[in-house]
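Once you scroll down, you'll see the structures, which are given as structure tokens.
In what follows, chain A forms one complex with chain B and a second complex with chain C.
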Partner chain A sequence: MTMVWTTWIILGGMASAIGVALSLAGLLLRPEEDALTIRIESLLPQTQCAQCGYPGCRPYAQAIAQGDAPVNRCPPGGQALIEQLAGMLGLEVQTLDPHYGEEPSVPQRAQINESRCIGCALCLKACPVDAIIGAPRFMHTVIADQCTGCALCIAPCPVDCISLHADETPRWQWPLPQLAKLRSVP
Partner chain B sequence: MKLARTRGGVHPEYHKKPTSALPVESLPLPQMLYLPLQQHVGTTAVPVVKVGEYVRKGQMIASAEGHLSAHIHAPTSGKIKFIADFTAPHPSGLPTLTIQLEPDGLDIADDELPDRDPFALSSREISSIVSEAGIVGMGGAAFPSAVKLDQGSKGQIHTLIINGSECEPYLTCDDRLMQEHADGIVDGARIMMHALNAPCARIAIEGNKPEAIATMKAAASSWDNIAVVPMPVCYPMGSAKQMIQFITGKEVPAGGRSAELGVLVHNVATTFAVHQALRTGRPLISRLVTVGGGAIRSPRNFHVLLGTLVSDLIESSGGLKESPARLLSGGPMMGQIMPHAHVPIVKNTSGIIALIGSELQKDDTRPCIRCGRCVSVCPAGLLPLQMAARIRVDDVDGAAKIGLTDCISCGSCSYVCPSNIPLVHYFTFAKGELSSRREQQRQNDHIRGLTESRSKRLAEQKRAKAEELAKKKARSNNSKETVN
Partner chain C sequence: MLRVEAAYAMPDEQIIIRLELKEGSTVHDVLEQSELLQRYPEINATDSAIGIYGRVVPLDHPIRDGDRVEIYRPLTIDPKIERRSRSRRSA
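Let's look at the complex of A and B:
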């Protein structure tokens, strides 16, 4: 009889000890909840344009991390981004969903036609990255370096003085040498 | 002294004979000087003169912006004609903001010799004079010299190496400088030793310059702590890392700086410029340039004002024998292809080399036969064929993992490749790709920061508004109660 009790005590003790250890580990060694979100967000182009249907890059990254959104909704990121995200998350590579927009060929920048600006300050509130400087009844202007070309400032403007232009900063990179041409063996 | 062996290296034909024995010649004043605001590593300088303003020789015309930058001075007296875009002396041929100075031919300078003893000055004072003079590394890197001196004065520099190896074929400007101004170079080295508090200096010269070695030895003979070290004739012995390894036996770690080993390397031309700045107060406004290559009628070294057009320089040197197949700034191994001859000479232009077809490597690229010659000549101990194979399939990260960032772009691999594969071009492409990715990442992080601070601010505003509203409500309730 004692044998049975000992068994019960040993097994019970072990079970409760392991239970306590596991719950402690669960509390202390909890994986950082948004580690995946951060990794996804670091790949997104940070345009903050909301074309994906989420209010910014961060919320879209969260949605992807939770499996709520597919990875093919970011037009500024384009096909390259889809491939990177699919590679990281082990998903199948899809094409960009045309419902959410087209991939722009060159980076865009907003420009305010300053002679027409009435200083209403509506675009200031719309800009997700604070790239527009101005105050009520004063002319506004765009900080070109910070502008992501998200186009969110265009709709609120009552006098339509904001337009998007291709970023024309001259860029140059060393070209990749031409691939070796195979010579036919006679 | 025990000297260490270095890895790899090649032995190209040097072609130095035609110019190394001829004395340096000066040029007539050009019609116009073109001074780009970006002649150095770091931030572009900012013009401090207006169009139409009259400037004297040596007057500062553009000021350094931020810590890593360099001043630019007027090479002669004259009028500022334009401040406008002009083709940069770079393979891209992109326009860059350039000050155009029309010389008046009088060459008026503020002739006030500074009355000072460089050895009574502190390290900080010396580096500030070097920075005032706009001196940058004249061997090719164009790194602001004052910043390098400052870096050195933080750590313990035990050896200052003066680089006179000039291992690039065709170039002899450093050779001529050593033959003609040995005392000035030794003086510059002593001033820098004083600034760095370095106990000894080594002047490294490749063995194929016996005259320079002899004159430098004679000039340095009065100082026990300065020695001339003849180096083996092997390309790229003039690379700072290879030179440090040869002289000290220590290898600069991957991603590390030479100052960590207690060593600092300065080019001979830079050293001479430091001597001039400290002794005569003369800023960096001219330099020696080798004009050479098969297409040049009479190859020679010239004393050239910065901002002189390459076309003017070639013209005054005696012109071209035939139209060049390739125009290079710098030597044929690491030099850069110039878009055309209407580009200015800048602070780091060591040579203008106009090559004819027969001097060029064939460009009939064939497949890699994995012979491994590029591996045995790589002075950085890398596997060029493997890196190129990765870059070819767009795996730049893979190439970076096996040492792309340690590549010094010396071109030895391309030089020996029996299949004429432009290996070093792959690496320059990939390094450009890596740096533009880094830049993109930096920009993204910046914008992410902006969005985060904006959302924080909006939340704060919302909270403040709610509080305000609650207070108002409480106040109106209170007043109601008093009424009641």
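Let's look at the complex of A and C:
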């Protein structure tokens, strides 16, 4: 009879010890970020344009990962993104939901009409990627390389001096070390 | 080390230079090291300004890691005159 009790005590003790250890591990070793969210976000275009109805690409990725949002709400990502996301998540391929906008045919860049800019700095605050250089009562300029064409700066401008254009900006690269070398040549 | 950017933007060309400066450096040190003022002699002290992320700061302002030190160009119009002429047009 003692043998049966000993077995129960040993097995019960093991079960509760493992249970406690597992729940502690679950609390302490929780992954910092949801791996699925990161994988989804890495596919999103990072325009931070909020056209999907979420404040940026990261929150939209979270919503998709949690199953709260469908994958067809990203106009800049377009059909290619929908196919990639559907493939990754094993979902049926849908078309872009027209309620959230149309897929742009070419990448867009914002441009400021300098003869109208009054230096109000409202577009600086609207830009989700800090791609506008300027300060109150000074000229504002779009950094073409960093502009995602999200159009969020257009509505806040009180003098309508910002417009979107097809991206034809040359990509300037400034290799500073080489310039420094040139300067040292007598 | 403080990692900062020095930026000067024109409509068709924007220059962003990444720099590393020692702790305690100022906006002035960033400008010196960026050599932007030498490269763009049209920048002058009377109608330009220096700032960090849209806020004008004095030259002796200490920089922090991640700052973007920006050189601002003057406006091409006077906002007050422009507003007057706009209201006259719409009236």
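Here is the rule we use: the second predicted complex is superposed on the first by the 155 of 186 C-alpha atoms of A that agree within 3 Å, B and C clash if a C-alpha of one lies under 4 Å from a C-alpha of the other, contacts with A are read in each partner's own complex, and residues count from 1 in each chain.
Note that a contact is a pair of C-beta atoms (placed from the backbone, for glycine too) under 8 Å apart; a residue touches a chain by one contact, two chains touch by 3 or more.
Just so we're clear, the structure is a prediction, and the values are computed from it rather than from any experiment.
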{"item": "Touched partner set for A:148, first chain B, second chain C, both or neither", "value": "first"}
{"item": "Contacts of A:139 with chain B and chain C, given as first, second, both or neither", "value": "second"}
{"item": "First, second, both or neither for A:165, with chain B first and chain C second", "value": "neither"}
{"item": "Which of chain B and chain C A:42 touches, first, second, both or neither", "value": "first"}
{"item": "Touched partner set for A:119, first chain B, second chain C, both or neither", "value": "second"}
{"item": "Which superposed partner A:130 touches (first chain B, second chain C, both, neither)", "value": "both"}
{"item": "Set intersection of chain A contacts, chain C complex versus chain B complex", "value": "130, 172, 174, 176, 183"}
{"item": "Residue ranges of chain C touching chain A (in the complex, touch as defined)", "value": "7, 9-18, 35, 48-49, 51, 53-56, 68, 70, 72-77, 79, 82-83"}
{"item": "Footprint of chain C on chain A - complex, ascending", "value": "111-112, 114-119, 121, 124, 130, 133-139, 141-145, 159, 169, 172, 174, 176, 183"}
{"item": "Chain B - residues contacting chain A, complex", "value": "91-92, 94-95, 365-368, 391-392, 419, 421-422, 425-426, 428-429, 431-433, 436, 441, 443-444, 446-448, 450-451, 453-454"}
{"item": "Residue ranges of chain A in contact with chain B within the complex", "value": "41-42, 45-46, 48, 56-58, 128-131, 146, 148, 170, 172-183"}
